[in-house]
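Look at the two complexes coming up: chain A is in both, with chain B in one and chain C in the other.
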Partner chain A sequence: MAGSLTRGGGPGRRAGLVLAVLSLALLAAASLAVGVADLTGAGILAGSRIPRTLALVLAGAGMAVAGVIMQLVAQNRFAEPSTAGTAESATFGMLLVTLLAPGAPVAVKMLAATAAALAGTALFLRVLRAMPLRARLTVPLVGIMLGGVVEAASTFVATRTDMLQFLAIWRSGDFSTVLSGRYELLWLSAALTVLAYGMADRITIAGLGRDASVNLGLDYRRVVAGAVAIVATITAVTIATVGTIPFLGLVVPNLVALVAGDNLRRSLPLVAAAGAGLLLLCDVLGRLVRYPYEIPVGTTMGVVGSGLFLVLLLRRTDRHA
Partner chain B sequence: MREALARVRPGPGLVLVLLSLAASLVVVAYMTVGADGRWGFVLPFRGTKVASMLLIGCAVATATVLFQTASDNRILTPAIMGFDELFRLIQTAIVFCAGTGTLGDPRLRFLAETGAMVLFALLLYRGLLDRAGRSLHLLLLVGVVCGVLFRSLSQFLQRMIDPTQFVVLQTGFFANFNTVRPDLLALAALGVLAAGFGVLRLLGRLDVLLLGRDGAVALGVDHRRTLALVLVLVSVLVSVSTALVGPVTFLGLLVANLAYRVMPTYRHAYVLPAAALIAAIALVGGQFVLERVFALNAALSIVIEFLGGLTLLVLLAKRAR
Partner chain C sequence: MVALAIALAAGPAAAEIAVRHARGQTILPGVPKTVVVFDLAALDTLDALGVPVAGVAGGPKPPALARYNDASRYPRMGTLWEPDYEAVNALGPDLVVVGGRSGPRYDALARMAPTIDLSSDPADMLGSDLRNIRTLARIFGKEAQAEDRIARIEAGIAALHARAGQAGTALFLLTTGGRMSAFGRGSRFGLLHGAFGFRPAAPGLDAGIHGQPVSFEFVARTDPDWLFVLDRDAAIGVQGRPARQLLDNALVRQTAAWRKGQVVTVDPASWYLASGGLRALQTTIDEIAAALDRAR
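Up next is the complex of A and B:
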């Protein structure tokens, strides 16, 4: 890690970036080409295929970046929005605002979801601080359990108010309904990704821990608050437009860390490209496997993501054992 | 400390008597309150519900205590380790591969599913418990992620299944404490009875297992064999409860830990019936309170999920200390 802070990421990172961007372009082309309707049909490309591909790229890059930031802030390799209570809290916020103000514009709903996501993530970090012994695996466990408790609460509210269907839509990522005019909010997540890139050095230092950051003259609390706000907003935007995408933010940064190290400024472009690529791949697969029907990307990503997570978990232990 | 407590606390036999009294009281209350004299309808209708709740409580409690003894901890439960979701996946996979033609009878299908469950649970979990047995947190996390993987895989397969066959699956999938399956009740009772017989024969060895793996081996218990036997029993019990109501993740965790609390002894001859009775009280009593007092339906599993998640967080925090 120290090496990658001072020098480049080495040829591995550069080759990885080139590879990621190339495969991203290929996958995007595939995503444009695959579908039931004939491409020559009026407005198919501009109205449906291009928006869907763009939404996939933006959401994939955003969630992967949110994951890598969360991992630095929680100082844990297995933290990401769906293992930190962030995603479940955002869904809870969406549910509440939809109940209280059904006619509110999307921007307002998204703000409420962001606020809930922030509160949930803050609670998660607070609970972590309260745990005197922070074992490597306790962090994702606590996050998943916290998420489960919040999820049970929203299921309870939803069954009482006939909102289960909405809940199912937010909980499972699906891009089949993305059309021109329905995904543009995701550009906000792109803007936040750029903002994160601007903060990259400070977030990297914050990832060294409170004491080290304060020693280096960093306003630790402010940087962490900013980073968490970015994560919460990206998560809320993604859930509000396309639904939850599980484990993407966990798997991609861990794979990228194998070639690029932990310096956020150097690894962030690769993380974003790989996240977009993996999500595109899962979506195109979901469109092809039972053509002409579709399998939502939330399901495909659930299989691929949890499978890769298991591999990461068991591989690491073998090495430590 | 424990000896001092034992002197003021009632003996294990008395606790069992008290729990049985409470359980019968709850059952009688559930059967009779609010019947308005329509006994011909109410008694059989509620009777099947109570019978299945008692069966489920017994199965889940026994499975959890057995699993906790064999894996030498009080946090892991079969449900948290993904057993329920594995059973769901097997249910789906069998319909996906064999169709519904040959396995039209639900009872025949249940037998096939239970057989496959025993086989796969042994294959998957024995190696895992053996290999990662030393690190509780790793096991816990691997189990939780396995659950997500199995659930995503079943969703994936469900999307691929012929709609007419999916209807057959659906009847079993949307079961909850209110819509029980009378067609499976007798078979489920038989399964619990058989497992109970197996537990009786294992009782002595189970008590020895509490000394930990090394202590048990030193006293002449074949640890690998006993673990395998326990996994077989647990798989049968989980099959019964999941086929009847679907996954109930945290019920076992709640009742097992309550049973350890109220029982002044660790002997399985007392702890197992206590856990089963507490489960019966929690299920029938909870259903009674929700149905008759709050007029809520189908919410019990959500309440259990909520409380159970909190319990697990507390247990984790305590352990960290």
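Up next is the complex of A and C:
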């Protein structure tokens, strides 16, 4: 069934995957080579470079996968965790748990962030269902507005509790203090990516909409719930360990769709590889621009990502989202 | 001198006090009775000099100034960043002191009451801090008391300076929420290298008052003999990842500072909240001197 859904893009997809994996290997090598300390120094490679590179690969792949899943579930090319209220809700959850249980371990904070992210995303989908007209741009606009409301609540609470700088930290992705022992939670996002791959065909069908899914015998609600849980958890894990990474979930799936189409099982490896590669690129740039100081990847990704997004917007005006 | 000339020229109204500050000059008709303070360094100085304060900004305070959090005795005047103008107006102060975080609110406050801005000058931290202490002392006629304490501060700094030059290199780090920035000579913590005389471990860090985000590899490569760490989360009473725990890793353990036991977690209140205040200055000097003593 999946085959009949998405023929086409075959050779392009294969070439794209080879290219993505090659670039990923090159960028990972660059990420291993670039840094302030002498690479041959004791523990530098194992304690710092490899963990940072792995963290970037895991977070990049995870956020790109979360983006593509969100786009299928919301049936909109511009939906991703930060345009669906997911990221803002996760941050709100982090803030609340840090206030209420400041000594809680990171895993507990992440659970709270996940719960909040789930609630926020569910609300977003609920609002979407209630909307009579879903024009291409209204979907992300609704998500951004919803995110804005949650963000305002966070800012209000943080202002009252002197937590504004914490909020700023969770809102900006940064890998500068990643070391062995301080990023391992991100492996969870890798596990969820694999899980998403297992669900790929069902998520793809869900992407056709509720009616089509039900006609094809799919338990639409369950698939959507599972998909949203994956997105919320990946987002929460990433924010709890390194902070929000903007644009990645937006531009990578769109770029990949140009060459590989919309069948998740086919495009997912490419999405994951391209997401990891783009994040590696931005982080290596951030490490080089003001060497030996750093520019957080949230900032470099903001610049590179918004540029790519503009290109996509201008290219795709003729295509329906 | 100018202030003196103006005061003299004023003739009969000699009770007038002309105060020069970061935003010009303010003439006070007499010794202020109702004082509102939007700067923790100024509050620290006034408290040390025994000057009563009528209203203060809310928010975290150094432990020594904790009693100003009692809103029933010291009505809250908003925050350091956002004064509650109605509360200020209701109190009708004879003097409002702003500085640092509240500096940008000078114009709005100056329209309501005589206001002075005692922000530090990053180009001359110690000079401007001492000037601000003297300004407050003069307004309230506490010069003798202040000069005593300033003399002690200056002697302490001279003694530090003589020793710090030989103590090896130093790096100042601020940690918050699991991230960290390094601060150099021209920064808000530049006192360490300027007045106190520690040789910078990273000489390129001179520019920028806000510090630079750095990695642990940067700390390992810089390999300072002294690591001064400010736990910002502790300063504002938020429990983040404690600085010590954040720094306890394979890369920082390689540095000379860690091996020699010369990683100093500085008093966050004196360096971060009330930096430049009369008591805060003395505390920072004492704690660095004590650290140097321990190193012997």
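One rule holds for everything that comes next: the second predicted complex is superposed on the first by the 308 of 321 C-alpha atoms of A that agree within 3 Å, B and C clash if a C-alpha of one lies under 4 Å from a C-alpha of the other, contacts with A are read in each partner's own complex, and residues count from 1 in each chain.
The rule is simple: a residue touches a chain if its C-beta (ideal position, glycine included) is under 8 Å from a C-beta of that chain, and two chains touch if they have at least 3 such contacts.
Note that the coordinates shown come from a computational prediction; the quantities given were computed from them, not determined experimentally.
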Inset, instruction - Based on the superposed arrangement around chain A, label chain B with chain C as either clash or fit. - result: clash
Legend entry - Partner chain in contact with A:L258 - chain B first, chain C second, else both or neither: neither
Inset, instruction - Mind telling me which of the two, chain B or chain C, contacts the most residues of chain A? - result: B
Legend entry - First, second, both or neither for A:L100, with chain B first and chain C second: neither
Legend entry - chain B versus chain C as contact partner of A:R290, first or second or both or neither: both
Inset, instruction - Have a look at where A:I44 lands relative to chain B and chain C in the superposition and call it first, second, both or neither. - result: second
Inset, instruction - Figure out whether A:V36 sits in contact with chain B (first) or chain C (second), or with both, or with neither. - result: second
Inset, instruction - Considering only touches as defined above, state whether A:I169 meets chain B (first), chain C (second), both or neither. - result: second
Inset, instruction - Mind working out whether A:T177 is in touch with chain B, chain C, both or neither, as first, second, both or neither? - result: second
Inset, instruction - With chain B in view, single out which of the stretches 38-46, 110-118, 128-136 or 254-262 of chain C clashes with it after superposition. - result: 110-118
Legend entry - chain B and chain C footprints on chain A, overlapping residues: 290, 293, 295
Inset, instruction - Using the touch definition up top, name the residues of chain C that touch chain A in the complex. - result: 59-60, 176-180, 182, 202, 204, 212-218, 220-221, 232, 236-240, 246, 249-251, 254
Inset, instruction - Over in the complex, which chain A residues touch chain C? Could you list them? - result: 35-38, 41-44, 47-48, 98, 102-103, 161-163, 165-166, 169-170, 174, 176-177, 179-181, 287, 290, 292-296
Legend entry - Residues of chain A that touch chain B when the two form their complex: 78, 127, 130-138, 140-142, 144-146, 148-149, 152-153, 155-156, 159-160, 246-247, 289-290, 293, 295, 299-300, 302-303, 306-307, 309-310, 313-314, 317
Legend entry - chain B to chain A touching residues, read off their complex: 132, 135, 137-138, 140-142, 144-146, 148-149, 151-153, 155-156, 159-160, 249, 296, 298-299, 302-303, 305-306, 309-310, 312-313, 316-317, 320-321
